[in-house]
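Chain naming follows the written order as A, B, C, D and E, and within any one chain the residues start at number 1.
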Amino acid sequence: MEIFVYRNGASAVEENFSAADLPEILADKKNVVWVDLLGETDEQLAEIKSILLDVFKFHPLTVEDTLETRNQPKVEAYPDYLYCIVHGSRPEETSSTNFLTKELDGYLGDNYVVTFHDERFKSVKMVKQQIRNSTFSCRRGAAYLLHQILDQMVDLYMPVVDDFDNSINEFEDRIFAMKKGNNEILEEIMDLRRSVTRLKRISSRQLDVLYRISHGEFPQIPENVLPFYRDVHDHLQRISDLSENYRDLVASLFDIHFSVVNNKTNDIIKFLTIFSAIWLPLSFIAGVYGMNFENMPELKTRLGYFVVLGIMAVVTATLLLYFWRKGWIFEKKDKESDK
Amino acid sequence: MEIFVYRNGASAVEENFSAADLPEILADKKNVVWVDLLGETDEQLAEIKSILLDVFKFHPLTVEDTLETRNQPKVEAYPDYLYCIVHGSRPEETSSTNFLTKELDGYLGDNYVVTFHDERFKSVKMVKQQIRNSTFSCRRGAAYLLHQILDQMVDLYMPVVDDFDNSINEFEDRIFAMKKGNNEILEEIMDLRRSVTRLKRISSRQLDVLYRISHGEFPQIPENVLPFYRDVHDHLQRISDLSENYRDLVASLFDIHFSVVNNKTNDIIKFLTIFSAIWLPLSFIAGVYGMNFENMPELKTRLGYFVVLGIMAVVTATLLLYFWRKGWIFEKKDKESDK
Amino acid sequence: MEIFVYRNGASAVEENFSAADLPEILADKKNVVWVDLLGETDEQLAEIKSILLDVFKFHPLTVEDTLETRNQPKVEAYPDYLYCIVHGSRPEETSSTNFLTKELDGYLGDNYVVTFHDERFKSVKMVKQQIRNSTFSCRRGAAYLLHQILDQMVDLYMPVVDDFDNSINEFEDRIFAMKKGNNEILEEIMDLRRSVTRLKRISSRQLDVLYRISHGEFPQIPENVLPFYRDVHDHLQRISDLSENYRDLVASLFDIHFSVVNNKTNDIIKFLTIFSAIWLPLSFIAGVYGMNFENMPELKTRLGYFVVLGIMAVVTATLLLYFWRKGWIFEKKDKESDK
Amino acid sequence: MEIFVYRNGASAVEENFSAADLPEILADKKNVVWVDLLGETDEQLAEIKSILLDVFKFHPLTVEDTLETRNQPKVEAYPDYLYCIVHGSRPEETSSTNFLTKELDGYLGDNYVVTFHDERFKSVKMVKQQIRNSTFSCRRGAAYLLHQILDQMVDLYMPVVDDFDNSINEFEDRIFAMKKGNNEILEEIMDLRRSVTRLKRISSRQLDVLYRISHGEFPQIPENVLPFYRDVHDHLQRISDLSENYRDLVASLFDIHFSVVNNKTNDIIKFLTIFSAIWLPLSFIAGVYGMNFENMPELKTRLGYFVVLGIMAVVTATLLLYFWRKGWIFEKKDKESDK
Amino acid sequence: MEIFVYRNGASAVEENFSAADLPEILADKKNVVWVDLLGETDEQLAEIKSILLDVFKFHPLTVEDTLETRNQPKVEAYPDYLYCIVHGSRPEETSSTNFLTKELDGYLGDNYVVTFHDERFKSVKMVKQQIRNSTFSCRRGAAYLLHQILDQMVDLYMPVVDDFDNSINEFEDRIFAMKKGNNEILEEIMDLRRSVTRLKRISSRQLDVLYRISHGEFPQIPENVLPFYRDVHDHLQRISDLSENYRDLVASLFDIHFSVVNNKTNDIIKFLTIFSAIWLPLSFIAGVYGMNFENMPELKTRLGYFVVLGIMAVVTATLLLYFWRKGWIFEKKDKESDK
């Protein structure tokens, strides 16, 4: 648990308070207080619960939601405070084929922000750093402070989202290269699809939350802070739009994979056909002169053998010409040079 | 039929009432009454019908809906009561390829809750247990009591919904393993698709119901109970979102199945082609020297036979080299090692 | 043309009126009048037109719509009456691959219902039977009488809708059986798709109509009859939801058909490959010893022939073992036993 | 340019006015005036422009839109007049694989209708004929006159729309027949898809226009004319719904084409497999007895040759029986008889 | 930075002002001022920032957005001005397989327009030219001036959008031609898909912006300028509708590619089958008479050899006839003539 207090007009935020100091600090409406709760052990969670219930008197249901994980992004207004659940990206732990998010629970009161998260949240860390350096954000009040956290959080989505773009490109290249491990590509495309689906779901819920926050629905957000939330909303809009695009593009990766395999099968069958078409007639000719009829005049001629070899050469040449004119042989060559 | 009565301030709920006691009990507006109706035989149904019509004076249409099955989730407001139909999951009887639900009909009046269901409803059972242990829920009034039932019911969806996730993963693995019974997999994916479709339909209708209940449309739900219904709504929202995702993912199972079969066909044809490409020319060479021309100089040389065997070996080696450079042979090896 | 008149308080409806009696009967606002018009010949249609225009003074446009067919379901309010077009199912004449509907035009005034249809409408017939048996429906007024017709009509959709479900199941079975007539199945699936599309279109338009009627938009429907219309709306909602599901499932029938054919092609090619892979090398060996070289030492050994036969047996066994380990032979066996 | 003037109470419309007469005629608010402008040359367009701007004082933007083509259907209200762009079908020039529309620009004032179109518009021609025969439409005012034009125009869509239905059926038949020119069918289906897409786009925009006109948004349309516009809206609704259906069905034409080609490939490969499976073993047997081993006892027996021929017959019969039991041979026969 | 000032009633716009002149010029509310900012170096951007913040006193957030790139189209109202981000096409740099846009940031105040863009914007250039030639646009005020820029910008989308249409047609032709480089076509179709997706996204966001601007939401746009913005909105609507269509059509390019490859594979396999079906039986016959049985009566007949050759001819003819009747040979011929 970390507590940051900005006393009106002070030149720096104060830290190192304990839970016991909170009631007094909160009572002074001029203070801007940020309580960042972090806990994983049962003991820590119990302490956090008591703070939320007893000090802040939050609704038991929101406290329950706070301590749970697996919630959807949402925002709820209570007479004295606003409660929101948002999801941050986890750039270090996730890849585009395994997109994961983590929850941040936030409460916004007149003069305080309470945040809770299970693990170290990069955006929270960045805002802490920032308020230690400058009181600028605090001077603008609690609503602006929360905005800062959300803004950083949404910005941290961008590298993950760009990673999706790269992934789709890379998959495309891999499909066209058609190196070994075809089925593995399919498995990974399916993972990518799952990730994009998840990104789309999270970002669309999150967009709802920020739409409601940024369009003046809640009195906790002062008029002059609204444009800042609208800004976060716009960034999120972009992420949501992109995730919609990615979904389309990932779906077409299956189509492409399919078509590439089909093209390849076509090439192989063409190869087989050309091969068979050349050797089968030659074998037949050899077979004919392998027959044991007593009266086969050709067998006795002096040059018969060489004439037959010549005929075989002519047949081969004719067939090759035929396939060349049909475009099968050249096309095959081109295909290979593609690789 | 089970009747639970919580008299204001009492330390425990009373049970063991009969239908005849109801008018009197209901008349005292301070009581919180829960009438849980359960019946399957015609006789039981007739009795239930008379209670609903005569004691509670519910609208004949809602009573008719109550006794029917095959209804969609819905909620309707009448001047004195709220009528809702919701569907609970049936975790014991259903699998992800055969998702089934069962109906619960609920009436909510000022001081009573009436529930009707055909079979033992797990969530109803759990709430009964709970109110026998503690009067907490009853003290908060009838609307809260109904909320408890819905909350448990929605929570019981989660294992079923998670099961879908596992199923999709498992099907993916089975498709890639491509063991025998290919068509069987297709049949089961189709069943899964049906189930997901059903889940989506039920959860989206149910979401409508809870949206309307939880957003203050009905005066039967007191202001202070609304957050609890919103909580149920949020859980259901998650289920509904997931069912939408699952639909996408199940659709791509067909794509994957298709691509895996295609990859396999490609491998088999490649095998056939390589095989034919090697044996056909060898057979041709043997055929040539099987011809019976009298004048075939090679036949008379002492080492002719061995030279021809050598040529055959060279041809084979050349072709293998060719396929190796084309990447066909190595790729094939890799594929096999995948399995 | 059949006219039913329920005089307030009477114990039975009266019939056998002619068009000439209508003005007088309608003038008494306490009567409940149902005029059921049925006609196909030009003469009948002309008479019906004059009744609608002259007796009831309906808007010329609605009268025109009434006499036409090929209308969409709709509802329109006029100061004195409500005009609606609905579509009933035709269970006797339609199958799931050829879903057809027929129009019913209905007018609802303060004390009268006018219905028009081209052919015998089963639901209309059933309501006639009902009001001959009991004046219950008539006592509740004209709006209730119209509700009865719509209710029966929507209920008669259910067998048709269930038939779709059966059809989809049956098609699935036929696809997996893959008996002869593959293309015929495709033709029928296409017909099914058309039918489902039609069902979806009709039911969604009809839902609009009933939504508007049942949500109090029109003063012609008294408050106390609204719940009955809402009930019809709910039933229709179920049909509309199901038709949406069916659309999804029919689309996946194509996917399944496709995959099943693909699986089969895969099996056939596997068979061809195994066959070729076994006979080609054997033929080559035979070819080698069919060569006519003078110096082929093996040919002169006493057991050469039998050794070569032995080698052929070993080659065959090795290849069979190879295919068995690759899973091709067993898989093939399993496939066949599937059928 | 044609000008039709109906003076209140007159028994026929007057024609043969010139642009110079317009101000005077329009000044008498009891007249109903229809100015139909038609022009293609620059000179004509300049004259039309000056009439629209100077005589009618229309907004420069609408005049600009009027003279352009390539506009979307739309409707705009100005204080004194209503401006709408609609698209008529071109039944003579379009087919279902090349669906085209042409623009009609309409202005509706208190007592006048102005229409502009590039080419002869069939519906405009029909309404001209009609008002020459009867003053009925004119007596009802300008708004009714415009309705007549729109009504005819929408009705003229029906043959085109029905043509789509026929086309889809015809394509289905052609795909199943699978006569030569497979790729041509695909090209035409793509054209059909384009057309349906265009129909859908135009009809949905047009529906917006008529929805707004027919729901009382514009004061230029008197209350009593609204039902007539609603009628046009309903017809258009039907067209729009159908175009949505067609889109679905055209998409499934690709699926069907695909499946039919696949079925055919399957049949061909089956044929190849059966053929190979029969001749390969026979050739092998012949090959064995073509070997030149000195010690091959069978060769010296008197009936050896005939026994081997017999064995070949048995092998062939066994294989045929095998394929027959597998269902490959009969199925193949059936397929052929399909054609 | 270029500054254009139109002093009320002047006959030409004045140029060549510096940033320092702005406060004075803006103070006179009768002037219409356009400040076009263009900068890429850090220094220029710093200067622009100071102008936006200090001279115009715009909200820091909008200034930040202005200097960034990668924004979505949007519009925001502030008490004194309107801020919008729009995207122009880049006809010179983009092709249909690589569609790119560039940002234009615009501020609209009572008497000024401020625009900012990174690169030379063609539409801005065109409007500059226009106001140098005529004060018409300036006389109508700042809102009309901004409209002119947006109008030109949207018009410049049209060639790009038409290019998509051509591209889809061209791809269709290339797919049917099926010249070499099949996989390259797929890569380009994927690029096209990306571009269409991007066009759709940008145009739909942009449509939102123009809808809001053109429907009177913002007081900065005077009533009499609204129709001009509605005009831009209509043009954009057309682009947005077309991009939706293109998305459909591009998706079907995959289907077509797929079907064409399938058709070709079918043709190749047919060729292989016919070839095998002819040579295999002939080889078998030759093989039979290559057997070395001592007692093969045919071998000793004088014409045996020629009879067998005759039989081979008959077998070939029979098979050709069979394939001809099956339609395989003719169909193959037709296919080839297609190319």
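Just so it is clear, contacts are C-beta pairs under 8 Å (C-beta built on N, C-alpha and C of every residue); 3 or more make two chains touch, one makes a residue touch a chain.
Computed from a predicted structure; not experimentally measured.
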Could you work out how many touching-chain steps separate subunit C from subunit E at minimum? 2
What is the touch distance from subunit A to subunit E, in steps? 1
Could you please state the distance in Å, as a whole number, between where the Cα atoms of subunit C are centred and where those of subunit D are centred? 25
Chain centre separation (subunit A, subunit D; CA means) in Å: 40
Sequence positions of subunit D contacting 2 or more other chains: 258, 262, 265, 269, 272, 276, 280, 283, 287, 290-292, 296
Category of the chain touch graph - line, ring, star, complete, other: ring
Seen from subunit C, its contact residues with subunit B in the complex are 172, 176, 227-228, 230-231, 234, 237-238, 241, 244-245, 248-249, 252, 255-256, 258-260, 262-263, 265-266, 269-270, 272-273, 276-277, 280-281, 283-284, 287-288, 290-296, 326-328, 330-331, 334-335, 338
Flag every residue of subunit D that touches subunit E in the complex, lowest number first. 59, 61, 65, 70-72, 74, 76, 179-184, 186-187, 190, 193-194, 197-198, 201, 205, 251, 254, 257-258, 261-262, 264-265, 268-269, 271-272, 275-276, 279-280, 282-283, 286-287, 289-292, 296, 298-305, 308-309, 336, 339
